[in-house]
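In the part that follows, the structures are each spelled out as structure tokens.
Shared chain: chain A. Partners: chain B in the first complex, chain C in the second.
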Partner chain A sequence: MTPENARLHQLRGGLAPVEVGARGIESIARNADCTRLRAIVIAGLTPNDVIKHVLGEAADVMSPFAMTLTQAFERRLLDNAGGSLLTVYREKGYLEPQDAKIVNVADVAPRDTHVDRIRRERETRRLIDLKMRGDPTAPNLILKPRLTLTIVGVSHAIELDYLVASDKEPFYRAGVIKSYADRGGKTNNAHVRSAYREAAVGTLALRQLLEEAGRPGDLAGDRVDMVLKAPASFSPRLFAAQRAESELASLSRALSAAPSDLDQIEQMLPAGASLADPAVIEGLPNHYCSTCKEHCSLWKHCRAQAQAQGNAIILGDQAAEQLAAAGSLNRAMDLLNGVGRPPDNRAEAVLAAELQAASLLLERIANG
Partner chain B sequence: MFDGGERSCEKHGIAWKSVESYIAHMSRTMPIAEKLARNAERLQQAYAGLAKALSSGDAAARERSQAKISEFNAEYESLAEQLRFAELEARELAAPRGRKPAKPLRELALDALDDLGVPVPPALIADLTEALTGVRPSPSRFASLRRDEENAARRNIAAKPAWIVPAINAAELTAIPRLLCSSAWSLERRIVGSRSLRTDHLRIAESLARRLKQLREAGAPESKNIDRLLFPIARAIPGATETGKLVDPDKVSDAARAELAALDQADQAERGEACARLANASSHVRLWGRPAIIDTMAAARAIK
Partner chain C sequence: MADLLAVVARMRALEKGEAVPIVSQSQVIIQPHARIVTMLSMAGEDTSVHAVAIGRQGVAPQIKVAPDPRRRDDQYELLLWLLPQFEDYYAWCRAEGTFPQIWVSSDGALGHLDTLADRLRFTEDTQVKRLGELWTYAGERSPIAGQQALISATTALRAHYATGQQDTEDEHLGALLTWIDPPAGRDILAAVAMAETQPMGAKTDPSFDAAELQPAVALFNKARQDGDVRAEAFHAGRIQQMLETVIRPIYAATQRAMAILDRPRWKANAALDILGRQEAAHFARFMQNRDAGYRLPYNDSAKAAAFKIVARERAVDNVEAASIRHDRAARERGAESGRVLRGTIVGRDKVKLAPYTFETRMVLSTPQESLHLRAGEEIWNLDDPKLCLRVTGIERRGPFSWVSGIVEKGKKAALLLNIGDVVDLGPHDPDWDASIREFAQMSTRLAVPPWTHSEVMPPPVPSTRPRPNDLLAAVERMV
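So, the complex of A and B:
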């Protein structure tokens, strides 16, 4: 076992590591200020595992409806030798008719065993190596590639939906398939950003692979692809070569801080303590925000803690921003009711006046 | 009285509806047989015309007779195929369900593979088997079947005329476990190169389109199942389908052939090259591929 692996093993306290995947790694960048989430992901666990194995509660499960929809849409695109995915790329002019080289990495080693997972990684590297060498047999579409991303000296596996490159392009772009409906400007922007970030995790893995091979990491570019479904149908809608600079930057920042995060977490914990202890999990600082519910199973715990601390974030982002001067809900209530110590500064005084005016307005509206 | 008869049939395992369908199918085979008899008659007349033209040295009459013979021969082929399907169908329906011989999984798989003619995933074998026989083997059973076949072949490779084997990767010459083939096929057909997933997809479309056409012409109810199976495959070929319209087998075949024409040469060359590299390998390697290499260095770096 490598020294880094030994440190993480110690941190997990006997819990078996799991594949956090692109989604898990992406979640760090969603809430970069949450030490609890960073500690869990860096250690090779997921919030769901912590809920199940450490806190002994029922794990979060994806809605069966959403799961069926996602799987069916993915099958629609990737089954039949990725024919539908290839067609949508051809229709949009991103692939030429002769760009018909497709490999499904899952065909090579389909089982969910350790050996097959390693074989899928090796096959993915071999295929990417063909592109690096400019081999004419390099695939245009690599379905279900398995890449690795090294964080604090250990490699984390990520299985992407696909990689794509025409014969003319120098290297691959990562692509994600999402079963969200494309509603034009009304598509949930948070969903789109999250999908881009997930693909960007793949881009970072590609950059690492290029750098290991002595090639410039920039060859992987800063563009990602996304396929959504058309509303009320399973027709794919392609968003190819989308700029993901900011997603890549936020991920790079979060991951480059991981080694110091690990040091910090180790220093924070008492000697011999590990993440397998519920008290340690509860003791790690968190940063609850309204979007935590979308990606972290621990959100209920963090919200309860925020509520106990009187943190205004439990009322939503807007309320938290407006009540920032008070620092806590209890202090905001004191300012509203004019009890406790007088306002400490001008900001508190302004907030007190605003809260009292709003309260009077509410009373007038409610009681006439 | 009628109800009682129906109940009695059910009691003895013969579905009354099957008997009705059998009669309907038998009545459908009659007009085809009549058409065939008429075709044979016309063919004889055309041959007589040809003999006459040859003896008289009339070149124009000879050409006309030859054209007629070609036309009647093509018609004969089509009618004979239709009759064969109709008879097969009638025989199927005539056999009471309980007495139909249950084919083992490997036989079903080999039948489907020979129908499709290219390496395919277990799910497609299961889908085709269901479409044609009404019985769907679970795709998850194919992994153990493939391993059993390999073990049995290790003991005695000559024990069976054909084994279910994995396709072979053209670059690495290792097995692709999720794509299955028949060992009776030539090595070149069992090899999967960089373009083969697409070319095989096109060949599957062509094969199913041909089958759909035959079944539709014979009025077989299975045509609907093949239609359903072909649609998602054809949809992934530009110009093969039209929104809101039934799948046209000729259109699918044309579109598949057109794309295949552009890719086939390079694909065949890559397969041929891989074939040559396996020329001196043992029969086991030629069927199950080279052993896969495991990257232990990568495994050491992985989180554990």
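So, the complex of A and C:
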């Protein structure tokens, strides 16, 4: 066990590690300031595991209807040696007729065992090496590749949907398959950004792999691919080579802070404490915000904590920003009502005057 | 201040443990004949309707369930059951010269109806297609400012109340209603957390799906596959009961939202009368176009999109102009943000320019700090639409701004005002016909698609005009 792994093992306190995957790593970038979330993910757990195994509550589940649909759509694209996926790439002109080499890594080692996982990793690496060497037999589509992304000196495995590159292209792009319906301008932008970030996790893993091989990481580029489904049908809609610079940047920023966070997390915990202890989880600083509900099962706990602490974020991002000078919601309430100690500084005095003026205006508007 | 107003309202709500009103006048029309439509989709199947409840304010819902909406026959049976309800309602509205109104629980439910409209109008079944077209009226109107055709209960309530929680949390109708009518003797936050456990959108709870609904649907499908008619009917009945336990509370909550907004507490708002007339006109045009056989495309052409963008922008301006005139809260917010000049008349002169030619000049002073005014702009008396002032100068003197201008229209009305009177001046009356004039102009200009929308770049045409020495200064002079 590497020293970092031993530290993480200690942090987990006997809980079995899980593969957080691209989605788990992506969630860190959604709330980079949340130490609680980062600690959990870096330790090789997910918020859902913590809810279930540490807090002893019912974990979030995916609807079986949605799961069936997602699996069916993925199967439709990847079955028959990825024929449907290849077709959509050809139709859009991203792959030429000669770009027909497809490998499904899951076929090499299909089982969910430790040995098969390692075999999938090795096979993915071997296939990518072919491309790096400029071998003409390098596949154009690698389905279900298994890559690793090193955070805090520990490898986190990620299984992507696919990698794609034509013979002419120097290296692969990561691609994700989502069963959201493509509704043009009406497609939920948050879903799209999240999918791009998930693919961008793959791009970061490719960059690390290139750098380990002594190649420039930039070869992995800053573009990702996404396949959605047409509304009410299983026809794929391809969005190839989409710009993901901002997603890559936000991920890189969030992950680059991770090494010092592991030290910080260990320092925050009492000696011998671990994340398997509910009190330790509750004690880790969180950063509850309005988007937590979208990706983190712990949001209700963090909200309750924010409410108990009188954190202005419980009234929204705008309130947190506007009331920052007061430091807490309770203090802001005092300033609004002109009670408690007088303003500590000029910023508080200005805020108090503005809050009281706004309150008078509200009274006039609502009851006038 | 305008931003802080929303924050203070939320603080007051949290302090009181109850939502606080943020306006005194109605912000939405409630048609007495409005239909409440509650639909549940199957998770992942955004274009499905697993169950629907339809009714009106004060009326129990009619409920229809498709045991497995993934089967087209089941789905179409439900949709065809809905079609006459909308066809008759739209026809009645047309005959009455009014507009149909659909109430849904939340923005999520509104999006579901819009998705369905987009999908159904491209099906091959002419009747289902017709339902999609009828729903498209509501779907297309939903993003337009001031529309009254498709109302989300959460949006309507949020226009009247502020709660002590985050904006996004207000999207749960149950939580929002708990803030508005909190249970006596209970902690509001605990009550809200409890309310949130009940689905209020367009989907069932995933754990409910896993534990109850999916097994029932699987048994239903097995019975059908085995040709066991009794078992099939039994499981269909179970699915109906399960979904009714979910859909009825959502329908009831939407009804409750309408009842709250119908309370006499909310004073009349003349701006809504204007919006109602506009909505009726839009509806009449929409139905005429359907009669004429014009198709509703999924994606607009570049030209149609340009027209729609202009219409939307014009709608925003017109709704704002109407609200500032007739809605006290909007007027006050306008004065705070500086879009409305609230000034005291400090000077008024009638100046003779030539024989029989006079000019009326006015000077107003205001303590407003963030005034959005420029020289040359025309502003109108919000309480007397006859009076229009062209701003000629704005000067800050100590804590006051002095705004001087020439009365362009309503000179007699201006002379009736006294020194010391406080007047509110703002944008022109809503001009609903302006977009028609703009469309005529755009039609001419866009008769040939501009080069920005074609593959061919036009050849560069060197300017014959002399280049100014200081380009930036020249641009600034144009502003």
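Just so it is clear, the second predicted complex is superposed on the first by the 309 of 368 C-alpha atoms of A that agree within 3 Å, B and C clash if a C-alpha of one lies under 4 Å from a C-alpha of the other, contacts with A are read in each partner's own complex, and residues count from 1 in each chain.
Please note the rule applied: a contact is a pair of C-beta atoms (placed from the backbone, for glycine too) under 8 Å apart; a residue touches a chain by one contact, two chains touch by 3 or more.
A quick note: this is a predicted structure, and the numbers were derived from the prediction, not measured.
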Touched partner set for A:63, first chain B, second chain C, both or neither: second
First, second, both or neither for A:315, with chain B first and chain C second: second
Partner chain(s) touched by A:71 [first = chain B, second = chain C, both, neither]: neither
Partner chain in contact with A:157 - chain B first, chain C second, else both or neither: first
Partner chain in contact with A:330 - chain B first, chain C second, else both or neither: neither
First (chain B), second (chain C), both or neither touched by A:361: second
Footprint overlap on chain A, comparing chain B with chain C: none
Contact set on chain A toward chain B in their complex: 1-2, 5, 8-9, 17, 44, 76, 79-84, 86-87, 90-91, 97-98, 100-104, 106-111, 114-115, 118-119, 121-122, 126, 137-139, 148, 150, 154-157
Chain C contact footprint on chain A (complex, rising order): 58, 60-70, 179, 181, 183-184, 186, 231-232, 290-291, 293, 300, 304, 307, 313-319, 322-323, 329, 332-333, 336, 354-355, 357-359, 361-362, 364-368
Footprint of chain A on chain C - complex, ascending: 1, 3-12, 14-15, 20-24, 42-47, 111, 114-115, 118-119, 164-168, 189, 193, 203-204, 206-207, 209-210, 213-214, 217, 298-299, 328-329, 332-333, 336
Complex contacts: residues of chain B adjacent to chain A: 121, 123, 143, 169, 171-172, 174, 176-179, 193-195, 197-201, 232-233, 235-238, 259, 262-263, 270, 292-295, 298-304
